[in-house]
Each structure stands twice: as C-alpha cells, then as structure tokens.
Amino acid sequence: MTKLTTLQDAVARYVKDGDTVYAAGFTHMIPFAAGHEIIRQGRKDLTLARATPDLIYEMMVAAGCARKLIFSYVGNPGVGSLRIIREQLENGSLEWEEYSHFSMICRLQAGATGLPFMPMNQTAATDLEKANPQYRRVKDPYTGVEVVVVPPLKPDVAIVHVQRCDAEGNAQIWGIIGEQKEAAFAAEHVILTTEEIVDESVIRSDPNRTVIPAFIVDAVCHVPYASHPSYTQGYYDRDNAFYLEWDRITEDPARVKAYLDEWVYGVKDREAYWQKLPAETRERLQVKQRLAAPVDYGEY
Amino acid sequence: MTKLTTLQDAVARYVKDGDTVYAAGFTHMIPFAAGHEIIRQGRKDLTLARATPDLIYEMMVAAGCARKLIFSYVGNPGVGSLRIIREQLENGSLEWEEYSHFSMICRLQAGATGLPFMPMNQTAATDLEKANPQYRRVKDPYTGVEVVVVPPLKPDVAIVHVQRCDAEGNAQIWGIIGEQKEAAFAAEHVILTTEEIVDESVIRSDPNRTVIPAFIVDAVCHVPYASHPSYTQGYYDRDNAFYLEWDRITEDPARVKAYLDEWVYGVKDREAYWQKLPAETRERLQVKQRLAAPVDYGEY
Amino acid sequence: MEYTASELLIINAARLLKDGDTVFVGVGSPNLACNLAMRTHAPSLLMIYEAGVVGSRPSRLPLSIGDPTLVSGAAAVTSMYEIFSLYLQRGNVDVAFLGGAQIDRYGNINATVIGSDYQHPKVRMPGSGGSMEIAGWANRCYVMTPHQKRRFPEKCDFITSAGFLGGRQQRLATGARGGGTQCVVTDLGLLEPDENGELVLTALHTGSTLEQARENTGWPLRSAPDLKHTDPPTERELRILREELDPQGTYR
Amino acid sequence: MEYTASELLIINAARLLKDGDTVFVGVGSPNLACNLAMRTHAPSLLMIYEAGVVGSRPSRLPLSIGDPTLVSGAAAVTSMYEIFSLYLQRGNVDVAFLGGAQIDRYGNINATVIGSDYQHPKVRMPGSGGSMEIAGWANRCYVMTPHQKRRFPEKCDFITSAGFLGGRQQRLATGARGGGTQCVVTDLGLLEPDENGELVLTALHTGSTLEQARENTGWPLRSAPDLKHTDPPTERELRILREELDPQGTYR
C-alpha cells in the first residue's frame, strides 16, 4: 500500500500542536525540510526531543514552535553554542529535560523495545541524575549493585530522512545511523522524507540494509536535499560553511528573523529552497561516487 | 595486524577444556567446521551455549565434548527432535540450563553491552522462570510493575562464521544475522571462520555492512564451506536432505559413531570434508547469483 | 471435493487471518496458512519470522524457519534481539501461530516436558523457542492441532506458553500485553475462549459432531450457544494449496 | 623550531597514546592528536567516534564529529546505542579525550553550567553529549586545555564527567569501571593524579615554570617529587601536523 504524500500533507496530518516530536539523525540526514515545514505551518507548544538539537531545533525554537526541549548536547557541533537556545535556557523561557547522549538514546531504546525502563551502568557522575528526576536507580538482583535507569521516550511523531525507500516505506540508510531506527520504533507515527523513491525490488535486493520497515511508517515524502545544511551520505556534503554562518546569524535577532523570512517562510517547499541556494553552494556540496562492493544474496 | 591462522591452531589456542563456548548463527552460517575441529581435538567438559543446539552441538555431545548445555530450543528445526541430546536430558547424563529464545538472546545482549542484567516484560508463563533460578525479577521504579531479568552470558569463546572479512577480522554478514554480533561482543575470545578473505578495501567500501569489528577478534580462519550442512547466504544452500538424514542416523548409536568416524575423525579438515561429499551433493547446494542493488557512500 | 485433515486445518487457519495483519510465522502448516491467506483474502499480510526476517516472499517451501529462501527478496532482515524486542515486545505483532504437545482447558500450551517433574521428564520436547514471548505479547494466538484427548488435557504438565492460565483474570493480572489464545483449529472444529478464557467449541467442520469433539477432549468440553459450522474448503483454496504452495504434497 | 601553544598541546597529547589503543575521538585538537600519533609511534591506533564510526580514515579535517569523511573508508558503522553499549560500556575503549570549561583538583570536568544553580545558570554550556559515560567507562581519560585559573577551580560548579570526585576512593566506591582522568595536558605542562586522585604537576614544558603553573591553578598545586620536563616538539611532529594534518592552520 503506497503511503506517498507531500511533506505539507504529512506534517498537517501527523504533527499536532503540543506533540512530542523526534526529528532523528545524528549530524547525518537531519530532516531540515520537515523542520521548516513545521515552522511554516505554525505549530506551537511542541516538545522537541533530539540528542543534539542542532540548527534544526534552534530554528524551530526561534520561530516559536517549542514549549520544551529534551536533549543531551545543546551545541553547534564543532562550532560552539546554539545561541538562541542557550539564551532561552539561561533566562528560563524554554522548559528542558537534559540527559547524556547514552541515557537519551536509552530512553528511545526503551520506547522502541516496549520496555518500562533501560538500565545503564553507573558513571560516577551524579549531578545530572540529581538535576533530572527522570533518572532512577534499580538494584541488580544478582550482585546488589545499583544501575541507573531511564524511562521510555515515546514521541508522538518521529521524522526520519533516508537515502532511499519504496512507496510503502521500507527504508534503507547507510552512513551514520545514529538513532533513526530507535526513534521510528519508539514513536506513535513515523514520517519519512527520502532522497529517492525506488521500486520495492531495489529494497528487496538487499533486505539487511533496511533500517525501518514499512509497517511502522505513516507517510512517505519524496524530498530530495531534505537534510541541507546537514548532509546525506553519498548524495551531498555537509554545508559546514552554513553551520559557521549560522553562528554569525544568531549574534543578531534581526538577522535570525530575516533568515527565517527568506529561507523558511519565503519558500514554498524544499525544491524552492534548494533552487534558491546559490549555484556555487550546490556545486560545492556535490559528491563524487564511491560505491560499496557488491554482495550476493543468491537465488533460492 | 593480520590474525590469519588455521582453524586447528585457533581451536588449540582459544578453546580449552571446561570452557563455555557459543557457536553462533541462527540456522544460518552455523560454524560446523569449528565444531568438528573441537571434536577432533578431543575437548572435554565444555558448556555449550546456543539458542538452538542444532546438529552441531548434538554431534559434539555425541562425541563426548559437553558437560552442560545452555539452550532455548532443543530440536532439529523443521524435522523433529535431537535424539541424542533429548535422551541425555531425559536420563540426566547432561546438565542443562533452559531459556526462551528471547531470554537466551537477552543474556547475550547483557554480556555484549556490559550490563549486569537485561529486563524483559512478563509473558504470563512462569513455569520456566520457576525451573531456572537464573531468572529473577526487578521492580520498575516508575510504575511498580515487575519485569523479568536474566544475567549476562559471557562465553569464554564465541565462534562465528561469516561471508567475508579482512585479515584483521573486520567481518561482514548478510542474510539471517541471528545473534552473531551479540555473541562476539559478549565473549572473551572470538574465532572467525570465513568463506572469503578480502582486501580491507572491500570491507571499507561498505562500513555499514560490518557486523563484527576486528579489534574484538582473536583468530581469522579461511574455511570455505565451513557451515555445511547449514548454509551461507549467497554461497551455498542449506542441506535439508542431511538434516532429515541425521534424524535417521541418530536412531542408531552405531550409525552415529560411524558418521563421526567417517566425517569428523576421518577427515583432516573442512577442505577434505567438502571434497569427500558426493559431487551430486555439492552440485545440489550451488546457488545462482542475486546481487544487491548498489549503494554510493560518496568520496569525501 | 475431497480433502485431508491437514488441508482442513490449514484452510480454516488461513481464514482467521485479516488483510494487513502482521503475522509471526512458523514453518510447516502455519506457513502454508499464511501463504494461502495472502493469495486469497489477505494480499497485504506481512510475514515475520523469528529468525529476523520481515516480509518474506519464499519461492519454495522452507524446511526450517531459517531457510535462505525466506531472506532473498524479503523486505528487511534484523537480529533476533530486535525481532523479539522492536517487533514483538513493542506490540507490533498481530497474529502468531503456536504449537505444542498439550493445549489445556484455558488455552495454555506445553512444548517443554511431559510428566510432572521438570528435572526428570518422561518426555523431553524442544522447549519454548520463540513461543513463550509470542504467546505473551502477540495480539492473537492461534493453534492448529489434531483433536486428540492426549493433546487436550485438563491442565498442561508445564506451561511453556501462556493462554489464560487458570482463567482470563489470571492472565490479565500479569500485565502481559497480548490477547492470548484466540482460536484452536482442529480437524473437528474450532475452539475459542469464552468470557472466562475457557476453550469452548464454537464451530464444527462438515461431518464432525459435538460428541466426537467431547470424546477427544480431556475436560468436559462445552459448546457455544450459537455453535456454527465452518464452510468446507473451496475448490480455489484447495487448488492454490496443492498446485501453488505444496506441489510435492509435503503437508498433505 | 617555533610552535604555538595549541601545537604544544596536540603533540604532547599524541605522545600519551600507545600503539594499538582504541580511542574515542572528538573533533578538533583530539582528532589531530590521534592522527599525529598514528603517523608517528602508534600506526595501529583504532579511532572510534561517538557518532558510531569505527576505524575512520578521514581524508580531510572534519568540522563535526558526524562528518561524512569519517564514514567513507571506515571499517564499521554502528548505531549510537551500540557504540555506547557494545563498545564503551562493555569496556572496549582504552582512551578518550574530554573537554570542559572547568577541570577541578580531582580531575572532575564541568561542561554543563557555570554557577551553583543548575536551574538558573549564569552560563549554559552544551552539556554532556557522550562525555558522562566516556569519563565513567574509558580506561584512560585525557584532557587538553590552556592553563588558566578560571579553568582550574578547586571544585567544579557541576560535575558533568567524573574524575575522582572528592578523592580516588570515592570514585572506586561507585563501581564505575573506567580509570578516570589520567592526564591533563596544558600549555605549561602535564598534570596527573596522585595516589589520592589529586592532580599534581608531573612535567613542565620547556620554558614554563612551577610558579607559572601555580599562579594559574585554582587550588594549591603540588608538584611531583620527580618533576620532569617534556621533550620539545620535534621537527617531524610539527611537519606532519602542519603539512599533512592541518595544512590550512585551522588549529594553530
């Protein structure tokens, strides 16, 4: 059964005011197109969960979509701080819940596997545990040692960008796979954006590559370049220059507003956004081919 | 650093009398060659752990290698019972510890992830839990509901057969991936047998395909056809006829002894074993090619 | 048209499946039932195997649950840990088929030991495999079995897979998320749990009688007030089964 | 030969790595230190990134920890859950580099908030990321930082990543498997924990003095009885760093 739809329709249908959203992808394949569409549709009071809020959540926070942030590293990776989020955390205008990467991912893992909690070994550092009452402890019944546990995170909707999927939503990812699978299985609804829609025979030629199976997917949106300024392995490069540029933009609220006006509100969809980027930028992000060695599944 | 060695040397070095051994692979890529080599070297008092003991452990039990079995399904898959093991369990001559598949795999998962236990939701069935004191319970600190837990399984040695790996032991698997990764990470030592040794450039062309990283591997043994009568996806078929034949062989202890004499003690190594198989058998197990669609990682 | 007891079981089991169901499939008869349903009323059935294979399209009858034909052309392959956690424990499995040597009054299943002493069994069977968790967490569990007294004791010697334990409330109290045994298909008819979880005869196959069913059941079998009769296997069902799915008649 | 403070840090950090070490690498200076070690005395260093990449061979300097150049040509890619559990928690990581705004007397690190009230921070920093677990479970943790008083308080405002807490015994009592902070490399010298886990000055770089180090440390810094001097950066180290690893001088 095809689940093909536009990203506009998918966001309209599956992202509601007040929802907990997990836009997945660790540095790689961050679903910026969906983030921009949520901004355009004016969603409010969202709880935005992501290990690294990255620029995508900073833009959504700046646009007023968020009530609360759940995170484990609130920086601009390799650049510095996320100035807008940092300021809102400092002045108390944004609620938050903070984890380490592993405990954040363990929350997704518990949600994805249907468990009431996930255990982790102690790290000796307890200040975060004291600051966040979601952390609890459980005694190992074999040795009496205490483990730290976190409860499941079950987002209302997970948004995952992928390299290729079929029209039903069987999706394949390569490169950094972060927490996409866990986010998808943990969530109530799953929206996929994809660089390519392929025939199911392509997917079925390599079933071990499938990270997300169709039956947990609600919407499949064909959105090439959906992850810029993040990247899609094998399709285009990370726009490091923009990550550095954003650091300058956020020095001035007026520039942030101008950016959102021009690049989010001012474009209809991702295609318009991509075409609006300077030709030099699009050129700079191109990638030469480097194919994986073939594998043979055999005809049985 | 190359870890290439013969299977004889790997077994001599890493499998000791009294060890707990996990020969991995769920139906697929069961490392029969290593099992036969362990028999030939006359190991004793082994604790043999596998979700499905399958024919490999039945042969090892018949040859007197085992003191104890840890398992979750002690049948000949699709055929019936494992007669020798069944008899020894019935007459008490073999120790055992029994799980469900999931709790067996959770023991490996705990071992592999370095946790003191893994939680599982209750299944309503408690007879096995009562029969095996390794099962315990822990109270969910969020809801008060009890979960069932199992302790880590950390085999002394895991044996894993793979389609291809480099000389260091970076190994790639496709088809049914069962519990190979978990067994390898849980174990103290890892022996790989492989259909093909490839240049590291082949492995590194597709890093997402790598299931076992070299740094946890101790020995790499180039052993084509190592999994017969099990199979290697894309390389040769499962010898279902032999699985049925084994059911007849085990009706008579004399035939079992004759089988071991001829096919295990009577051959030097796997190459001799494979060449000794009738040409019709080898022909019947051949597989036509069915390649996976290419993927592009990009040159960055 | 003539048909065997085995065909009768498979065809009636196939009819229990709904289009769009996600099914945890075993080999043998359940595999045939699923493939028959896919080729008749349930084209978008999703078949999952505990070996970690999702959306198989086997081109031959697999002997084992881990056959390579289940993999080539499948939609996804994942690890055993994930198939049992992300798929089953998470609540993504609608239907599963279970089997065992004993099925008791409350739909509990024994596939472990015959005899009351686990440590010294009269007969040692293969054990749980995936079925303990499947019975706990799948929404609907079905059993296909010949209708024989020794297979239907009042109480299982060992509960490998939970039905309703000693009654529906007992199962509910454990918090196990699945729906428990929803139907036992035999060569005489269909048994389904009543409001208390007790298996009662709800339908008879053509030519079978309530008396036969009672004689071959180890507890005082009750019949549903509206005892039905199943439709006999159709020509189309038999043709697909014989010509397309099991041309060698392995499961006749 | 002349060199910058940053080069001095990187070169001294590289020398702490042993051949065959499995290193959890961060971007920036630690990345350069690891690559320098690989090209000098530790050719079989294994680099792991928290993004899930194992055995990277980056052909350019990555800006972020999730750069595609870390993936193309790597030995393995796995999920974040697995990199933190199978690799780190299991005890497979020898070395990690950590950073933060504050490192205190017992090697604890703060990368979360400045100020005593977590809920109302004076300065909000990025937070733990992977470092809480890395500090807990890696065998040896290293820190590279300029030697400034505000960076070396007596006690961190918030412990993001554990060193020895209030002393070595306190850490041991938690059962955390890793070895804790083993060396802090500054532009003045090396600090290492004594038998009680307190950081003491164990080596000075050429041209630095104990007095300088004391003036720039927030607690009464002791020096080791056998205070050493580090060897100055060699021509070869500087050449590899400048010509091969950072030709654009990003990390000068």
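So that you can tell them apart, the chains are marked A, B, C and D in the order they are listed, and the count of residues begins at 1 in each.
The working rule: contacts are C-beta pairs under 8 Å (C-beta built on N, C-alpha and C of every residue); 3 or more make two chains touch, one makes a residue touch a chain.
On a predicted model such as this, the values are computed, not experimentally measured, just so you know.
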item: Of all other chains, the one whose Cα centre sits farthest from subunit C; value: D
item: Whole-Å gap between the CA centroids of subunit A and subunit D; value: 28
item: Subunit A and subunit B: spacing of chain centres that average the CA atoms, whole Å; value: 37
item: Centre-of-Cα separation between subunit D and subunit C, whole angstrom; value: 57
item: Multi-chain contact residues (two or more partners), subunit D; value: 53, 67-68, 71-72, 77, 85, 89, 137, 177
item: Subunit A: positions in contact with at least two other chains; value: 114-115, 120-121, 145, 174-175, 177, 181, 205, 208, 233, 237, 287, 290, 297-300
item: Chain-level touch network, classified as line, ring, star, complete or other; value: other
item: Every chain pair in contact, whichever chains are involved; value: A-B, A-C, A-D, B-C, B-D
item: Footprint of subunit D on subunit B - complex, ascending; value: 1, 112-115, 170, 181, 185, 200, 203-205, 207-208, 210, 213-216, 297-300
item: Touch list for subunit C against partner subunit B, complex; value: 27-28, 50-53, 62-68, 71-72, 77-81, 84-85, 88-89, 108, 112, 118-133, 135-137, 158-162, 165, 171, 174-177, 180
item: Of subunit D, residues touching subunit B in the complex; value: 22, 44, 46, 53-55, 57, 59-60, 67-69, 71-77, 85-86, 89-92, 137, 177
item: Residue ranges of subunit B touching subunit A (in the complex, touch as defined); value: 114-121, 136-143, 145, 147, 149, 151, 163, 172-175, 177, 198, 202, 205-206, 208-209, 233-235, 237, 287-300
item: Residue ranges of subunit B touching subunit C (in the complex, touch as defined); value: 26-28, 51-52, 71-75, 77-79, 81-82, 86, 89-90, 92, 98-103, 105-106, 108-109, 120-128, 131, 145, 174-179, 181-182, 231, 233, 237-238, 240, 243-244, 287, 290
